[in-house]
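Let me begin by presenting the structure, written as structure tokens, before commenting on it.
Order of writing sets the chain letters: A, B and C. Residues in each chain are counted from 1.
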Amino acid sequence: MFALAGMNGLVIGAIYALAALGVSLVVGIMNVINFAHGELYILAGYFSYLFANAFGMNFALAMTLAVALVFLFGLLIEYTLIRPTYGNDMYSLILTFILSIVLQNAYLLIFGPYPNKPPNWVGGSTLILGSFYYGNQRLAALIAGSAVITLVFLVIKKTWFGRIIRATSQDREMAELNGVNTKRLNMLSFGLGCALAAAAGVILAPIFPVTPTAGVPVALTAFVVVVLGGMGSLWGCVIGGLIIGLVENFGAAYISTAYKQVFSFIILILVLLSRPSGLFGRREA
Amino acid sequence: MTDRRFFVILFVAVGLLSLLPLGLGVYHLHVMIVSLFYVMMASSWNLLAGYTGQVSFAHAAFAGIGAYTSGILAAKFGLNPWIGVFIGTILAALIGLGMGILCLRMGGIYLSLTTLGFSEILRIVITNEYEITRGTMGLQVPGLVADYSKPAYFYIMLGGAMLTLIVLYKLIYSDIGLNFRAVQNDERAAASLGVDVVRMRVLAFTVSSALAGMAGGLYGHYLLLITPEIPSLDQQFLVLSMTVIGGMGSFLGPIIGAISLEIFSEYIRAYGEYHVLVFGLVALVVARFAPNGLMGLAEHRLRGRRKASRTVSAAAG
Amino acid sequence: MTLLEGRGLSKRFGGVTALDQVSFSVEEGTIVALIGPNGAGKTTLFNLVAGALKPDAGQILFAGEEITGLTANVTCRRGLARTFQVTRPFATMTCLENVAVAVVNSPRSRANGTWRLSAHECLKAVGLGDLAHIEARHLNVVQKKRLEIARALATRPKLLMLDEVLGGLNTQEIGQAVDFIRSLRDEHHLTVFWIEHVMGAIMQAAEKIIVLDQGRRLMEGSPEEVVKDSRVIQAYLGD
């Protein structure tokens, strides 16, 4: 049971890290929290379900298309809702919260309250360390999640675009003075943040089927991960995601399944009490 | 607005409203009672969002704290519901105070995140602690008055709404209210003038949470059945929409928003459970294009007309 | 007597050192100017003193007591008031309300009379008496700067810290402003610590000038000494 819980923790942790990266990227650059993050995660799940099950697309193609569509949707949200409120953090909180409820109710209307599940990529299971069998789909999710996270790090650490992102999240005014088009950068990073939520969604949907409100706990956990890791810190997301994933699963295995979510909330409280800027956060705002 | 004018308007409005039970049937009276609950909720949420610029997603959760505290004390321990409502209010205030101290050092975004988490946790706890809360089945609780009657509850809720509005008015139009608005406008400038920003935010959050707790307590004893619906995020969303559509940061806005949207939702409920979706879309459009809501629009038109008449008289003179 | 003293103040942002081991003093009842090229660290120094930022190293003493690391609202209550380079009015509040915020939070101005009266006096002092009931967002840049000064005065400070208040004024207005700031010092027994780019005004008004360059204190002296100093000339003209 210990090893199984640990393995589950790793898989979920990787996905939390992915979802949190999306939140953190947007916070770092725009100082905006997208409260509809979870609903975009779910939207990607629905898209991949729709394309693969109803249109009979290959699962990989369906996933790519789903992520791309959510990315475009993210650009649209930034353009129509976020951009006009820029500089007023409160309105972006309110707008994205309203958006999340609207999307939840729209999903309910379109897809109904029942869980929908895109097809598995692989079947069967593998014997891990000679001690227990573990579903191949979950292993594939872990690999895919890690691959996307690596890709994000490569882009941010190695490319020209990444340099601009880092510069802007450190000092926005300086970046503007040096000719960075922050409007376009905002739009792009918001879209990317949504795309990361989508990536998490399509990877996890075959394991945890999507329902209209299934995004709420995922988004909440992603927010906790961001606070735990430190707002705007990318490494913080990865480490924080893994910590929360493991804590939840060990907690569920040994203490209580029903209170799985509560553990991450307790961690949030502990972080706020002891080290409010998070593990990797800058001490000073 | 001067003190005198406020109290005159308030007492005239309350006086007129208290005639309603004479003319309204049971159903319409029910709608009015629910409206008054939302007036309390939206007005007290407005203290946060409209006057100090912070967003709590746990306002419905605090109503839930009030309702369940009072409900459990009455149903399990036979405590007088009035005392229960009082204890529920105090408990909501204390939790609000603790959460405020915890988050608000770090700024508004942390409050929004933590309150959202808190709402979800409260939902989980209520659904899982079936023995105490009866989960999604709902907890049956005794009423506030011995003989159940809609008019009696209408007057109770009217009294609650009146109390809420007086507390809010006194706070907003005091030196503290001045500090609240300074914090909302620009916290760095406020701090540079000696305003203790964190303290002001915590104070606003505590008062607002306490008022939500009171509203929830009274409402729970009206419904006689307390369910996780009271502290749900959907409920939170309704309160938020009413405030946004009515007009954040204006005293009258949330009152108008709450009453009109509750009545409106009763109408569209006849066509199925679309009211949340419809409210959402309306709120989205209002928040985006008229961030000061209906009151903002009204004021704008009024001011435009005043300006026009001034130009006319200037030209004439 | 020294009213404000900084000892070895340092501040870094990420990898950039904004202030490096800066020491200075401001004597009670004087007008002290803080000058230096763009990016020299002037506003950062103000932010450290006023408590908007915490220094990485060093000490700040005010009226003989250490105030290092105290938050802005506490330093304000101790008698330190500042204006912002980019003005920060409470946009949706009237001018009178803007000033009233300062009045109700000041432990010194609370005692005498109702706040409305006292707030009105401060507005009148900066020439905004007629605009008392106008929302601050309708003011122009120069009026906003005046409003900042009125708010700062309303806290009844011992030390008034001005951050480029002369921007956007013409020569005649600059002359009036300098006279006004001098009269404040004389009538209200203020000490003025003043960041300014307009050298003419500084030369007229300041008793002492502190020059910062690239986060370091280049020199400190009377206006005559400063204009003659080759390092200052180089910092402004050369690279």
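FYI, a contact is a pair of C-beta atoms (placed from the backbone, for glycine too) under 8 Å apart; a residue touches a chain by one contact, two chains touch by 3 or more.
Here the structure is a predicted model, which is why all the values come from computation and not from measurement.
When chain centres are set by their Cα atoms, the one at the greatest distance from chain A is C.
Highest inter-chain contact count (C-beta pairs) belongs to A-B. The chain closest to the protein's centre is B, with centres computed as averages of CA atoms.
Once the centre of each chain is set as its mean CA position, chain B and chain C turn out to be 42 Å apart. A separation of 45 Å divides the Cα centre of chain A from that of chain C. Inter-chain centre distance (chain A to chain B, centres taken as mean C-alpha positions): 32 Å. Within chain B, no positions touching two or more other chains are listed. Interface residues of chain A, counted against chain B in their complex, comprise 27, 31, 33, 35, 80-81, 84-85, 89-91, 93-95, 97-99, 101-102, 105-106, 109, 216-217, 220, 223-224, 227, 231, 258-259, 261-262, 265, 268-269, 272-273, 276-277, 285. Of all residues in chain C, only 50-52, 71-73, 76-77, 81-82, 84, 88-93, 97, 100-102, 104-106, 115, 151-152, 154-155 touch chain B in the complex they form. Those residues of chain B that touch chain C in the shared complex are 175, 178-179, 181-182, 185-186, 188-197, 249. Within the complex formed with chain A, the residues of chain B that make contact are 49, 53-55, 57, 102-103, 105-110, 112-114, 116-118, 120-121, 124-125, 128, 233-234, 237, 240-241, 244, 274, 276-277, 280-281, 283-284, 287-288, 291.
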